[in-house]
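In the two assemblies presented below, subunit A is common to both, partnered first by subunit B and then by subunit C.
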Partner chain A sequence: MTPTKFVGVGNYLDMLSDPAFRSSLVTFLAFAVFIVPTTFVISLGAALLVARTRVMQSFFRSVFFLPTACSYVVASLIWKMSIFSGIRSGLANGVLGWFGVDSIPWLSLADPPWYWLVIVTARLWLQVGFYMILFLAGIQRISPTLYEAAAIDGAEGWKVFRHITLPQLRATSTAVLLLLLINAFQAFDEFYNILSTFGTYPPYARPPLVYLYYTALGSGQDFGHGSAGAVILTLIIAIVAVVQGRILRLGDRGE
Partner chain B sequence: MAIVRSKRQSRVTGWARYSALVVAALLFLIPFYLLIRSAFMREQDLGSPDFHWLPPVWETSNLTGLFDNPAIPMARSLLNSGLIAVTQTVGVLVISGLAGYGLARIPYRWSNAVFYTITATLLIPAAVTFVPSFVLVSTLGWISTLRGLIIPGLFQALATFLFRQFFLGFPKEIEEAAFIDGLGYWGTFWKIVVPNSMGFVAAIGTITFIGSWNAFLWPLVIGRDQESWTVQIALSTFLTAQSVQVSQLFMAALVAIVPLLLMFLFLQRWIVEGVERTGIAGD
Partner chain C sequence: MSDKQIGREIGQALGANLTRRSLFALGGAAAVTGALAACGSNTGREPAATGGGASGGSGVTLNQWYHQYGEAGTQQAVEKYAAAYKDATVKVSWKPGDYDQSTAASLLTDAGPDVFEYGNGPTIDMIKGGQVVDLTDLIGDTKSDFNPSILERMTYQGKTYAVPQVVDMQLLVYRKSMLDKAGIQPPQTIDELIAAAKKLTQGNVKGLFLGNDGGAGLMGGPMLWSAGLDYLTKDNQFGFDDPRAATALGKLREMWDAKVLLLGAPKDWFDASALTSGLTAMQFTGLWTFPDIKKGLGDDFGVLPWPALDSSGKASVPVGAYGSCVSAKSKDVEAAKKFVKWLWIDQTQDQLDFATSYGFHIPSRTSLISQASTLKSGQAADAAKLATDVGHAQSPILWTPKCATAFGDAMNRIVKEGADPAGEIAKVKAVADPELKRVLA
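For the complex of A and B:
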């Protein structure tokens, strides 16, 4: 556990030139490209629908919010063993069967990468309610006089959304995008639980944290490289956060 | 004419909106339905090629069998999860509450420096610190102990930040009255401030409890021995094991989420507030 030799920036250079580390960054990017826009659009859509609903509003809100209480492990279990089970009794293959389509081995193939569908939908289900609540709070803060003014000007539907709701939600949207990105960057639970079988994880689809987990705590126990990787990842996240101006806003709040 | 059309239009969009909501709600409930259905299925019905909407036979022995299964320490892991979640929730509330109050109210030369240091750590995602944290905890000899699982999670920068912001907005006149009555900071905090902040405390508390109960990476790294498994680790081990009785696995998952579903049912208001407070810090 005690460092035996000071290697300078050696570990950092090793990490940056390690194809497995770089491929974990590519995996994160692919994951983010799927999960960030879909979660954003669906949670905003759910918030808009729920906000305008009077009858049973709290029921619908609770239904979308309920998965927030569920753990990634339990969701992974339902997705892996029930919805996307490779056999006919899995829900997805059962539905395909009604249309005469052959069963798809969702998780056992690297190519075509059906596993992305499983992983993305699981996280989507778990997260949408959380961000819907944030959007709902944002929508409720929009002054009704803005909508009244728009109604007098004859604006409705899409125009109201485009020119009033969306600009008024800018602060919420920025925060939601940043949170989605940071959370996608830290994805671990569903990858680990959905993709590993019999205690082994496939060589592909390793996002940064899964990669770090196996580097630092796997058979290698390579804390030096693991820590260097963690520092590099932290720097990437910090840069993204600074670019989004979050530091400035957090600093201003206190005054 | 225009008014009539827009009325009909709004009725059409109203119907479209409700249909979309109902379809989406059903989609969101399907996983819960599958979980409950599968937990009460017999193993041979789960594996059969036909999809069953309801269990042909309601099998309750999955529940009793679960607690008799020596491979999965279900009772022990539930106890561990409960202990960890309760102590972490209470600990975070006390530590972050006191720290937040001190930063908000007690004049001190370094209080801004301390506050900005705490705020700066918010930029470091907790998950990437797991390697150095693991090295620290294992040096202390806390691997596979409740101490190792609980203590590192007691110091939450976000909760401290939120408590400070909240106490800054607490009506100062009330505190001043308490000061005149001879209560110091300590007495004012416990006798005046806390009883009048229970809504906020409940919001932070419920969110902390959920996060703690559902945590996975840290318990996976620290909980090496079976005796120190949380319920999430027990489930995960069960899920990735060689031979699995799937129906029992679903029953285990159902048991694992029941406490949170109950909490959700009774405390949803505070959970919603907690999400609003923690999601967009200080907004």
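For the complex of A and C:
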């Protein structure tokens, strides 16, 4: 593993001009743009519902939180082999069968890209519960007097949420957004386990970590280009995190 | 199809019971790790044994690595063979997980094995990097007894770098009763195959199963051979820049469009369950599934090679083998070579036992095939004959992982997205030409 010649920034330029690497960056940006707000909204919604309910509150909390304890690999395999298998006995196709719809090979088709449905639902199931708990903790710290004052002023429903709950959750929201973003950028487990077959991976839906895994650790063993790609990726995540922190903190000052 | 895949195909493919076994194997690995940690060595390599310490007498300790085979008893078998070796102490390591990658990486370090198996022999980069030792003289005059296309796959510039252990193959398996009912003869050309698949597709039963990706990963090579072409020409140039290749690869898309391919089966092509549970009438799969097929279908199945495109093409079956290699970083290369010769060339009874007692494979020495009771009759005998007659090593040694990735991506786009085969082949050529230049330099 002794380097034979100094290539300067050659490996970085190679990676940046590699269309497969660039398309992997697009893939993961698209994935992040979709999954971050979706998880945010769903877990906030779940937290509000669970916080309001008066019956079986701890039951609902546990039920939504439980998937967090499940391994990404295990969930991926269940999603791939039993829920979204391409045959009639798969759960999704079984349901379609009741309405007389033909079986859909979810993971085999590239067009339309049904595999996104599989990947996104798996991730939502796995992570919504965790962020719900974070929001729940935030909601419980909001002083009830604020709500009482709002009620006296005649505010209810959406207005209470918009002007009291949401602003009071700013600290929690910032943390959740940051965690979600980092999580999205770390996308590997469910992609790899759902889409790879025998060490090969289709040329689409390939986030950078999956692509780098095949470049650097695959039989190619191209550590130089792999490391260059990893550094580029780290820089992107750092920049996005800093920018995001700035934006949300600026909002703080305005208050 | 990339080289490393064969390994997975052979081992992982045996897969139905893998889960429980891999748990055992992981437990075993943990125990081994514990033992090593207790030795106070972080390199994974035992301190060189001296004098009377080792049981092997001569004092040499060899580390031998295997990937984790799926069949019960395999690990005990290789440990038994190793224990019987008198001239050195052989420590067998059973490696679950990503064997090819971790082995390739360990060869760069001092913690690697002395003797290790690798799918279809070492890669061209290992050979050119001087990481593996020339084993030509071990094979000597037994050369003619090995499956020729596999031995050639492990040979570079006249030197052989691995000794084939057992041969595995893939082939087309069909349900006799389903074909009879539909009044179809076993297909002999690709067009007959497509016609048959169309006729056999009824309700929830599909005509043909080539893997959940519609054959994109599996059928590239067989399709080229079917057109009478290959990955590379005889003089190691790009081999399928040819309109016939575009036609052949386009046939897979034709099957996809006709909706006769089974897609999204819970277990992929390496498992017999799609065929035995009646999801498909024909399936391209491995020889290792025969015990399961027999259990599920009795005698209701027949075997075929992947058919020729037309009269100027050729039928074929992909064959592959794990090859036993010697690391150039071994502390005692001569002792390691001696052990490889002893086990994989001289001990023919052990080789026969390894090939036939646990899973379902073909011995790599042709002279042993007639002694294998499992291959004497029926479909298994037909299959063994196909492997010898039309067997085709999965991909040439110069077809590097980079080429394989480019080809795999192209196949995906052709089959799944309906991309123009000729254009995709040109893209593969653009990657393969500089790669070939690099490895031939």
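A few points about this structure:
Note that in this section the second predicted complex is superposed on the first by the 243 of 255 C-alpha atoms of A that agree within 3 Å, B and C clash if a C-alpha of one lies under 4 Å from a C-alpha of the other, contacts with A are read in each partner's own complex, and residues count from 1 in each chain.
The criterion applied here is as follows: a contact is a pair of C-beta atoms (placed from the backbone, for glycine too) under 8 Å apart; a residue touches a chain by one contact, two chains touch by 3 or more.
Every value quoted in this text rests on a predicted model; they were computed, and no experiment measured them.
Look at A:W106: by the touch rule set out above, it reaches subunit C but stays clear of subunit B. When the shared chain is aligned, subunit B and subunit C each come close enough to touch A:L217. Residue contacts after overlaying the shared chain place A:P37 against neither subunit B nor subunit C.
Looking at the shared chain after the overlay, A:G86 reaches subunit C, while subunit B stays out of its contact range.
Of the two partner chains placed around the shared chain by superposition, neither subunit B nor subunit C is touched by A:G10.
Looking at the shared chain after the overlay, A:P167 reaches neither subunit B nor subunit C. In the superposed model, A:I237 makes contact with subunit B only, not with subunit C. Touch criterion met: A:A175 reaches subunit B, while subunit C stays clear of it. Taking subunit A as the reference chain, the count of touched residues is higher for B when subunit B and subunit C are set side by side.
By the touch criterion defined above, A:F60 lies against subunit B but remains apart from subunit C after alignment on the C-alpha atoms of chain A. Shared interface residues of subunit A (contacting subunit B in one complex, subunit C in the other): 1, 81-82, 87-89, 197-199, 217. On the side of subunit A, the complex with subunit C involves touching residues 1, 20, 81-82, 84-90, 103-111, 197-200, 202-204, 214, 217-221. Remark: subunit A residues 1, 46, 49-50, 52-53, 60, 62-83, 87-89, 91, 94, 125, 128, 130-131, 133-134, 137, 156-157, 171-172, 175-176, 179, 182, 185-186, 188-189, 192-193, 196-199, 209, 212-213, 216-217, 223, 226-227, 229-230, 233-234, 237-238, 241, 246-247, 250-251, 253-254 touch subunit B in the complex.
The touching residues of subunit C, counted against subunit A in their complex, run 2-5, 8-9, 12, 98, 100-101, 104-105, 108, 123, 125, 204, 211-214, 216-217, 262-268, 270, 279, 400-402, 405, 408-409, 412-413, 416-417. Of all residues in subunit B, only 6, 13, 17-18, 20-21, 24-25, 28-32, 34-35, 38, 46-52, 115-116, 119, 122-125, 127-132, 134-135, 138-139, 161, 164-165, 168, 210, 213-214, 216-217, 220-221, 232, 235-236, 239-242, 246, 249-250, 253, 256-257, 260-261, 263-264, 268, 271-272, 275-276, 279-283 touch subunit A in the complex they form.
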